Amino acid sequence: MIQVAIVGGTGYTGVELLRLLAAHPGVILRAITSRSEAGTPVADMFPNLRGHVDLCFSDPDEADLSACDAVFFATPNGVAMQHAPALVEAGVRVIDLAADFRLRDPAEWERWYGLPHACPGLLAEAVYGLPEVNREAIRQARVIANPGCYPTAVQLAFLPLLEKGLVRPQGLVADCKSGVSGAGRKASVTTLLGEASENFQAYAVAGHRHLPEIRQGLRVATDQPVELTFVPHLTPMIRGIHATCYATLEAGAEDLQALYEQRYADEPFVDVLPAGSHPQTRSVRGANTCRIAVHRPQEGDTVVVLSVIDNLVKGAAGQAVQNLNILFGFDEHAGIDGIALLP
Amino acid sequence: MIQVAIVGGTGYTGVELLRLLAAHPGVILRAITSRSEAGTPVADMFPNLRGHVDLCFSDPDEADLSACDAVFFATPNGVAMQHAPALVEAGVRVIDLAADFRLRDPAEWERWYGLPHACPGLLAEAVYGLPEVNREAIRQARVIANPGCYPTAVQLAFLPLLEKGLVRPQGLVADCKSGVSGAGRKASVTTLLGEASENFQAYAVAGHRHLPEIRQGLRVATDQPVELTFVPHLTPMIRGIHATCYATLEAGAEDLQALYEQRYADEPFVDVLPAGSHPQTRSVRGANTCRIAVHRPQEGDTVVVLSVIDNLVKGAAGQAVQNLNILFGFDEHAGIDGIALLP
Amino acid sequence: MIQVAIVGGTGYTGVELLRLLAAHPGVILRAITSRSEAGTPVADMFPNLRGHVDLCFSDPDEADLSACDAVFFATPNGVAMQHAPALVEAGVRVIDLAADFRLRDPAEWERWYGLPHACPGLLAEAVYGLPEVNREAIRQARVIANPGCYPTAVQLAFLPLLEKGLVRPQGLVADCKSGVSGAGRKASVTTLLGEASENFQAYAVAGHRHLPEIRQGLRVATDQPVELTFVPHLTPMIRGIHATCYATLEAGAEDLQALYEQRYADEPFVDVLPAGSHPQTRSVRGANTCRIAVHRPQEGDTVVVLSVIDNLVKGAAGQAVQNLNILFGFDEHAGIDGIALLP
Amino acid sequence: MIQVAIVGGTGYTGVELLRLLAAHPGVILRAITSRSEAGTPVADMFPNLRGHVDLCFSDPDEADLSACDAVFFATPNGVAMQHAPALVEAGVRVIDLAADFRLRDPAEWERWYGLPHACPGLLAEAVYGLPEVNREAIRQARVIANPGCYPTAVQLAFLPLLEKGLVRPQGLVADCKSGVSGAGRKASVTTLLGEASENFQAYAVAGHRHLPEIRQGLRVATDQPVELTFVPHLTPMIRGIHATCYATLEAGAEDLQALYEQRYADEPFVDVLPAGSHPQTRSVRGANTCRIAVHRPQEGDTVVVLSVIDNLVKGAAGQAVQNLNILFGFDEHAGIDGIALLP
């Protein structure tokens, strides 16, 4: 049994980490911190946890995080990088669910997030926690940058094509649709039910922070510069991301279905659907699975890859637990083998 | 390990039973039948089960149900009563999720369901599977009538008051709201998203089949005739029942909060919330829990009891597994200890 | 043509007033004020108004409200009573969509709203703007208290029974369900789509501010003290209120259907449905209509009245325009004769 | 005043036509036919019409359609082409909301719709009813093919670019999202609230019937062969289409914002939003408007055009009324100038 803590647990990734970790066979949940809610039972804020989690939120200054084996940061961007160096120094593994360690280049981080990076040295050694790409590196990591939700869905969709050089790395399009829980659990007009229900819209077409993260991952896969248009959309549902990804084939003859099946044959949490399928976001609701289907409409030059995840699970808390499992040698399924809730 | 089968598995209670039983530590799922879908992998119909359930639907005539320890009927009303006698004869325990064994009086059954009862003898010995009332009888039962969804929520709300004789058994009101999954997974105009979303309405005010079932349970509790008005409503969501129950206090001085807490102190799946609470249906989404709050507004004569369940879990498949656990001596939590999915 | 202004137009009642008034044949919309948004085109905040309303929000201190014929207050409680006396003095008719003039008794107002009333004199002469009760008084009013959304639906449901003395004025129950737009357009966690969608819950069971307003109206109708239990619920949809109202018949023989049809025969915005009907909230979405059905289940002593409105139209902005029409002698349908949007 | 009839009025385009025509100042609604519902008041099926439309459905064989000035077909594909020749012969203008007259080439029609075309001669003279392209031809038409919902949104998005030859006609992508009312009002499992709510998925990626229709329109605009990938998605809402359209600039220097504003400057129902905007489907809910925004992310070679319509209005019934207005010389806004319902 290892001891873990969650820093900043009042958002949706926090409650989802609690749901998963409370049922994890190898984990003792030692603390969950929130400055504003210190002393409040977490089950008062998240009534689904009544009877399952007895912890109260604790003050981050008083929680003895350095006695943990691992600490998850479910905080706003810019917090984990303040605390990670001391924890790493104390031998604690850090899994950051925010963006602090996702971009390799501190200058690019500063450009997109508007802050200088607080620990470029640690950034340099942090491992990007996409197990389908970096499983071996994750085992040794001291700091894991848990991928963003859109980047998880989009990279898993494009990787097989780019790794084999089958498509042009220019003109890539990732048209993504997300449930509103991706915007977090904070008071806001935009994501009120009265505003976001019965409505569909794009946002941040000019440039979203997940764009450089996706581009970085695709560049590594293809070893060439990548030109990607990324358009996120807000969808009137709570959970789920659907990425519809478009690329132009360099040469048409490949068996794309076999390519995807082989690429992910040994991946426990990527499910390549039969040819002709259309994955549904609800088929992964609450589950750590990414389901993918690959199409080549009318046998033309355009490949269409459909990829769905639960943004709070494979796109956040579930992938963080998957990374924890890899890091500590647990069965990779531990705590994240639940079946999606349908309907 | 016991062997179980599900008869009629193409509806929402079917897929929910599969989700729960696939993770149950003491159960081998031997067969799931559907005449129309025989040969189809269940995971083709319910994509959440891909990678978790490998069964195909089998023809009910070919499935060797009598070799099972227990058989669940997730069929339309009127089917289980045709098949139960032979199965019971063969030593198989029957758990019927439909209404065939719910009403004690065959004449009343015929009046509400429009068919003569096929096995009044077996009906006479069947046990009404509400564990909070009949746990001991369930242990010995050969046939269990799994309660309806509304009756579960309403009886658990009213029982403490009626058992103690604290309220008048006349003038009871159960104003109930259900998600549309209660109407099942069959093609229908009424429950299309285009019809049922962004809409709220009552239905069956003149008389709903769950009325006699609830009345019967309350009469047993109070040992007096009961006069109940039951109004169900269709709510634009998938899962969840909220029962708002009204009764008139005979004498006002009782500590109602303590009454409810004591009544359900040993019940693993009934959670009495702190005084002043308002239970949320999402707090039990996917979970087998009933959460209850009791109010006495303005210290008047009217008691208001709020009760929420997931209609597909504590209101159907989860309660059926709870009954199975009791029947076969498993830990009562086995397979149904999942935490509700929130958000 | 009359000139009107709206004070405080950034909420849902504001945009709904604009939608209706922009198409009203007898009204010139002179100003809409918002201190925080002064200078912003209203169509920037409410994109449905692009091409239909060219106004910008103006600073309330600079808007020349006293030059208007009528001013609507779509402000938080407590604002209209500060400004109404000067406007009335200047000959402007005031229609308050908030609660400032709804309760006759200033002490009761203070108890429920937590503020002393700023102009008890004007309160004494204000007319409660429920046209189905006070049409004649509305014609002469200088200040109109536009009724609350729940009070509109509940009073229209109960009035025919209470006016005729057919039911006991004790033990009344109003179980009400509202879409979340009733909570307004302000940043809030509770009404985020991630919190309020796929969820159903009661709130304010201990006491809601609309309780004294409803009680006051029913007391006037029956001329006796009234005992009412009012339980509001939050429903996962944007618009619509469904009131399910319960009362106990004093004598059973009355033809309730005829009673309701006669009571509302001349009312342009109350539609009594045929016997056995279940009104749908979507049947009045965007329309100023209240649709009502009356039931007596199993010919028992309990009457069940089902009443639906659009909380933003007949429950707020539409009724305000109806009051304006009565006040200024327009056709009562002017500007509010739109057909509900279905689906 | 002209006399019009609707053939096949039990679906969503039928009720929407009724809503619009009932308030049209120049139209007398003479009949609405439905074989299965003959004799039923339309307001029984569509309760929003109570008090506004008194018609009953009539038997199509008995309705005297040839006495009308215009007949709308809101029937399944393949019906209008059976009846149009006789009506045209009788001097009646036909507006078909189905697909019978949309594809110029009868062979292509047969390939996509699986039926030989019943009247290729009339097909040859039919006018494609997209007023922004064919307004003059519409004035003279005897048969108008009302465009499909996706084709309306996509063509209005792409036309300015293609007409000016600013983008490559290859590699076009139209990633489209539709509310479920697009699937019609017929009993179906796929569009049950229990299936389609809280879910997002693509469908018909291999080929959708609107693909040849869009391609045909774009080819006319650019006078070159066009290569388009069209991926429709089902969105958990009732109304609305959002088209996200991607194209590759041939030359980058053009002022795209000005291009769009000029192209649609005189169009009453196309609204080009300010630079940087993201149109919302709810901003056109119930309205006949198409709102468009054009983006060039990071000043790259990819243009992104966002286009929203209400699939039942500008994508069906509203555009049909717009065509009627043009045909009969009414003000083009007549009957379709309603403001979108928001929230």
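The first chain written gets the first letter, and so on, giving A, B, C and D; residue counts start at 1 in each chain.
By our rule, contacts are C-beta pairs under 8 Å (C-beta built on N, C-alpha and C of every residue); 3 or more make two chains touch, one makes a residue touch a chain.
Note that the coordinates shown come from a computational prediction; the quantities given were computed from them, not determined experimentally.
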Furthest chain, CA centroid comparison against chain C: A
A-C or C-D - the one linked by more C-beta pairs in contact: C-D
Length of the line joining the C-alpha centres of chain A and chain C, rounded to whole Å: 45
Intercentroid distance (Cα basis), chain D paired with chain C, Å: 37
Set of chain D residues in contact with two or more other chains: 12, 179, 181, 185, 194-195, 197-198, 236-239, 279-280, 282, 285, 343
Residues of chain C defined as touching chain D within the complex: 12, 15, 19, 22-23, 46-52, 181, 185, 197-198, 238-239, 271, 279-280, 282-287, 289, 291, 312, 338-343
Contacting residues of chain A [partner chain C, same complex]: 12, 179-181, 183, 185-189, 191-198, 236-238
Residues of chain C touching chain B in the complex: 171, 173, 175, 177, 179, 194-195, 197-203, 205-207, 227, 229, 231, 233, 235-240, 242, 244, 246, 248, 276, 278-282, 285, 295, 297-298, 300-302, 304, 306, 308, 343
